[in-house]
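Order of writing sets the labels: A, B, C and D. Residues in every chain begin at 1.
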Amino acid sequence: MSLLKLADVTIRYGRLTAVRSVSLSLAEGEILFITGPNGAGKSSLLRAIAGVTPPAGGRIDFADHDVTGRAPEDIARLGLSMVPEGRDVFGSLTIEENLLVGTGMHAGERGWRARAASALEEVYATFPILKDRRNAQAGLLSGGQQQMLVIGRALMTNPRLIAIDEPSLGLAPNITDQVYERLIALRRQRALTLLIVEQSSTRAMMVGGRMILMRGGQVMMDGDASAMGQSEAMQDAYFGYGEH
Amino acid sequence: MSARTSVARRTLATPLILSALLIVFALLAWFVGSKPFNQTIIDIFLRVILVVGLYIFVGNSGVISFGHAGFTCLGAYAAAWLTMPPMMKQTLLPGLPEWLTALQLPYWAGAGLAALWAAVWAALFGKILMRLSGIAASIATFAMLAMINTIYSNWEDVTGATSSVVGIPIVRTVWPYLIAAILAVFIAWAHAISRAGLALRAARDEPTAASASGIDLPRERLIAFVVSGAVMGMGGALFAHSIGVVTPDTFYLGLTFITLSMLVVGGMGSLSGAVIGVLFLSVLIQALRWLEAGVTIGASKFALPNGVQEIALGVVMILILARRPSGLMGNKELGWRRAGSVAPDVSGQKQPDLSKGVSK
Amino acid sequence: MSAILQILFDALSLGSLYALGALGIALIFGVMRLVNFAHGDVIAFSIFALLWPSTDAVAVIFAGNLPWFLLVPFVLVMGAGLSVLAEITVFRRFRKASPATMMIASFALGFVIRYFLLMLFSSRPKSISLLPALSQPVEILGARIPLLQVITIAVTVAILFGLTSFLKRTRFGLEMRAAAENFTMARVLGVRANRVIMGAFALSGALAAAIGLILGSQTGTADIQMGANVMLMAFIATVIGGLGSLPGAVIAGFLLGAASVVMQVTLPIDARPFRDAFVYGAVILVLIFRPQGLLAARGTKERV
Amino acid sequence: MKRRTYLTATLLGAALASTPARADDDRIVVGFATAESGFMQAYDKPAQDAAMIRIKEINDAGGLLGKQIEVVNADTKTDRAEGAKAGLSVIDQGADLVVVSCDYDFGAPAALTAESAGLVSFFLCAESIKAGIQGVGPHSFSASVLAAVQGATMAQWSYEKKGARSYYRLLDTWTEYNKGICDGFDWALPQLADATLVGEDTFKNEDASIAAQITRIKSLPEEPDAIMLCTMMPGAVSAIKQIRAAGINSMILNGSGVDGSYWLSAVPDLSNFFVPVQGSIYGDDPNADVTAFNAAYKEATGGDPSTQYVYPGYVLIDVWAKAVERAGTTDADAVVAELEKMNEEPTLFGPRTFSSEIHHQNKARYLIVETTNGKPGVVDEWTIPEAIPVADLMK
């Protein structure tokens, strides 16, 4: 049964169409990479899923709810947590405060404080660096540390699906390795579904799982990451040769 | 045929249509012939001059200026100094220099020099203020207005401080105000399609891209600031001649907000928006006042209670802005064919994307 | 010595009025990027709420002579209530509008409130003896200072600490600070937008009511334009302090109050009427050297 | 296209409602171009009601020159541009006399329209020298007394009757009226033998606190005998309250702007506080007719007069009607000539004098109202011996 289903989703900014009737579905526990050149509409798609940019057309279902055009805070409550590109930390808040922002939505449920505290400990266990500097202002962290913070923050909302936009952006390769290694470990521990926008298809292939290639707002290819690997068709689709 | 004339030819329709609209209003006043109605039309033309003047800077640069009423004040007092009978200046304003006290110009010459005087001060203030942008620029221009108001409200010998300066020759015919309003519209149009105007509009929509491609933003803004200061100065001078008396707080917060509201309700991004904003709200205000004064329908006399006019005006403005956030005209210009505005954009509409931090 | 102390108290009490005002504006700007021009009219409304609507000169006290422990909450609730009502009926429809459109809408709302009060109460100021006990002078280190000045400063400091601990310690405060810095990101993490904004408006309305109380008991009159001057100075303080930064707004509020008092004391008699011109000149200078304000909140700088 | 046709249609409708009717001699019309809404309404309406009372009295007694006085009005909405329109519209409705707003700044636009139409204009209660020949033209008058006379009266009366010697001058720079009061005080003080000005300061009406100014007063070697406070509502109450709260108990001398008991509850048991008035609204006026007038006012409007600024409205119609009676016509120049002949013309609220040099009162009898423990009452009467010369007034 698919956790996330997109049917003919179209996104427009004024007269510019960023995404043209894209359909895809994602099962519980799956990893899906979305790759493609700049401007392919990857981030727009992610923002539509998270409710930040209501789609112009089509329908989005998450965990059997029609979330098309619903407010981001309602979609987050259903268990979908998005980590936008550019790692938006709340610079003026401390690291711990950043992490706690996501727990607010469960306030009122029985025992939510205990669950929040244990989630916090879990994130500190996954990302020890965050624990050492938990009272420092998040704005002072390095790129890699901020990436870990925003992933940790997404985890604090105890989501069923995490959608991450370009986790490797602006990070040194070894730092990106660390981040991915933690992501995979988390997926196994908590049966998490991952939707990752990743520009470098080689990174996607190393991790494995399913991959979609987008260009010009449309899905070009959809298949197993490692299989698609070096295939001729892959390069053509990526750079758009042999078309026109 | 150079690029400039083609842009001119394509957009010439807008000022022509707007001028035609103003002429219709003037003919209406001539046709009706009653003095108070004549004065209503004069007030509408004055507001057209002031809001078009405001549009030249605010519309093109996207910076909300609270200071432009200050230039109207400078213009009004300059007109008073230049056109009042010398004998009256002797008693009321002893601090004026000799050559100015002796001077008594016709009103149109006075208005021209008043526009120049306001433009000079716009250049001086602009040199300092135009480096700022966004909310800092709005506050700095407001501080300029407050300074001008405080100085003019206390400079006893030169401005008569808070007491009204009276004795300014009154012009009661509609035609000079019509000509000035049409002049303002054409000045605004000419500036909008000039090199400086186009560069400023480009910078308004994409500041980073514009400065990356070599546009010296403060200089372009300064040009617009000076041109708009001159038009506001002319407006101030004619305002003085429309009622014959001026006080500093006529040109302070009240005027600032009514002109800004008319510009935003009409459509901040377009010259037609500025003019339509004035005409629409002025007619609305007159209609409400007419209702308040009392309308006899059949036997019964229906009249709104006093003071309802302002409340109704505020409510209508909120409703208009809610339904059309970028104003009545959006950013479109009146033209023969569906000619879009010079730079199509949706300045009134906040981009839905995560403009703060999360951007793609 | 007592003269200097006196000037210090004058500066602090005027500064706290401007600081409270600046706080009220910065709170709303934080969550909505809206400079609320109706804030001055909320101040006036919360005081007129004490009076029974009547246009004759003598004020008909409605809730005015409630004991203070009932009167103060009543006024705070009226201020917060009007502010939240304004959010629900007007500003909720302007979420997607540009800052200019929202600003003019807030001005139009202020216009409606002002003329509504004018219709109910007429323009003649109504005299109310609000908490009269506060205006007795008190002796501190040789300076005779009206009790009200001391109370104003104490109340402002108490509100500042109360507000900071609310923002720092409570969940709602945390969500409001997060929303103030990056509104959409906070929503993606499940923070309810409308509730946070309503909370900011309620707090801002209560702060406006507090200013109304202080002004009302200090001047003894309820006048429709009583909020206008404080609103303007508070608006300037918010921008100088660094828009969206609450501590910045408070510090700038105190600075403006101090500047105004010091100039009133130091300027020669014939330059004194021009006092405000000097204050505004200083405002321009500050903006030239620090366009983003003294304590620019980190998140508000435009990112490429 | 839809928007443009809509605009022209509404305008046509608005225009037809106001067709002009020139003033002619078979009717006597008084036009009120005053504020019926906005901030000046609270100050214009009382004086206008008093004027209507006088008109009713005249009409009941058979009218003027055998004709009933008709009344037309137009609302200035407390806006200067609208004031000019209001003036033009009452003139179009055939007004022979144009009554304009209480405050000079808001009344001048309408008065100027009357002047250019060659009609007589009267300011309801403006107390600046400009409300007359100097500020409008030869056909313009004011029904009240110059602010300077109030300042001079307070100085001389406090010196002669209360033995005050050291004075402190506190000026609110907000309006021309305030400066007028202090100008009169400055003119009178040097003529008082050993009276001294121990200090002076200014403040702004809207200032939330005048603490700095009070500190300066308190730092004087010893408390001044009297403080000349040149201010008006609404800031006056806050200034008075803060002066007394700081423990300064000197006499406080004022202009008529603070007359009225409606604000006294804000400064509990205020004492040593003096206000010059043309007539007493407290029911203790030496002239019984004034108390009768107050009753007539209460009956006509449902409330007691709240300040003495009601009385000039009555005086206005009174002197104008007498001038029309004597001239036998409502023609402006004839009426002006008659008005300028009036010297110490008795009216209910003290004698009135007009001349070709000044259409205002630079000398008048004032009642002195003292407030003790929050209770105001008439305690004395004072007329400045010689009129304030026009040159000093135009300073």
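By our rule, a residue touches a chain if its C-beta (ideal position, glycine included) is under 8 Å from a C-beta of that chain, and two chains touch if they have at least 3 such contacts.
Quantities reported herein were computed from a predicted structural model and do not represent experimental measurements.
Asks: Count the touching C-beta pairs: is A-C or B-D ahead?
Replies: Comparing A-C with B-D, the pair joined by more C-beta contacts is B-D.
Asks: By mean C-alpha position, what chain is farthest away from chain B?
Replies: Centre of mass proxy via C-alpha means gives A as farthest from chain B.
Asks: For chain A versus chain D, what separation do you get between their C-alpha means, in angstrom?
Replies: The computed centroid separation for chain A versus chain D comes out at 74 Å.
Asks: Centre to centre, by mean C-alpha position, how many angstrom separate chain A and chain C?
Replies: Taking the mean C-alpha position of each chain, the two centres sit 42 Å apart.
Asks: Taking each chain's centre as its mean C-alpha position, how far apart are chain A and chain B in Å?
Replies: Averaging C-alpha atoms per chain gives centres 50 Å apart.
Asks: Per the centroid of Cα atoms for each chain, what is the distance between chain B and chain D, given in Å?
Replies: Here chain B and chain D have centroids separated by 35 Å.
Asks: Of all the residues in chain A, which ones touch at least 2 other chains?
Replies: As it turns out, chain A has residues touching two or more other chains at 52, 84, 86, 88.
Asks: Can you list every residue of chain C that touches 2 or more other chains, as numbers and ranges?
Replies: Those would be 118, 182, 184-185, 273, 276, 299, 303.
Asks: Would you mind listing the residues of chain B that make contact with two or more other chains?
Replies: 153-154, 306-307, 310, 352, 354, 357-359
Asks: Note which residues of chain C are touching chain D in the complex, please.
Replies: So the residues of chain C in touch with chain D come to 3, 6-7, 9-10, 13-14, 17, 56-59, 118, 122-129, 132, 135-137, 144, 146, 148-149, 215, 218-221, 223, 225-226, 228-230, 261, 264-265, 269, 272-273, 276.
Asks: For chain D, which residues are in contact with chain C within the complex?
Replies: 38-43, 173, 200-202, 204, 206-209, 211-213, 215-216, 218-219, 233-235, 237-238, 241-242, 245-247, 260, 262-268, 303, 306-307
Asks: Going by the contact rule set out above, which residues of chain B touch chain C in the complex?
Replies: Against chain C, the touching part of chain B is residues 64, 128-129, 131-133, 135-136, 138-140, 142-144, 146-147, 150-151, 153-154, 208, 257, 260-261, 264-265, 268, 305-308, 310-311, 313-315, 317-318, 321-322, 325-327, 347-350, 352, 354, 356-359.
Asks: In the complex, go through chain B and note every residue touching chain D.
Replies: 21, 24-25, 28, 32-40, 43, 91, 153-154, 161-164, 166, 170, 242-245, 247, 250, 276, 279-280, 283, 286-287, 289-290, 292-293, 295, 306-307, 309-310, 328
Asks: Give the list of chain A residues in touch with chain C in this complex.
Replies: Contacts found on chain A: 50-52, 71-73, 76-77, 81-82, 84, 86, 88, 90-93, 97-98, 100-102, 104-105, 107, 139, 153-154, 157.
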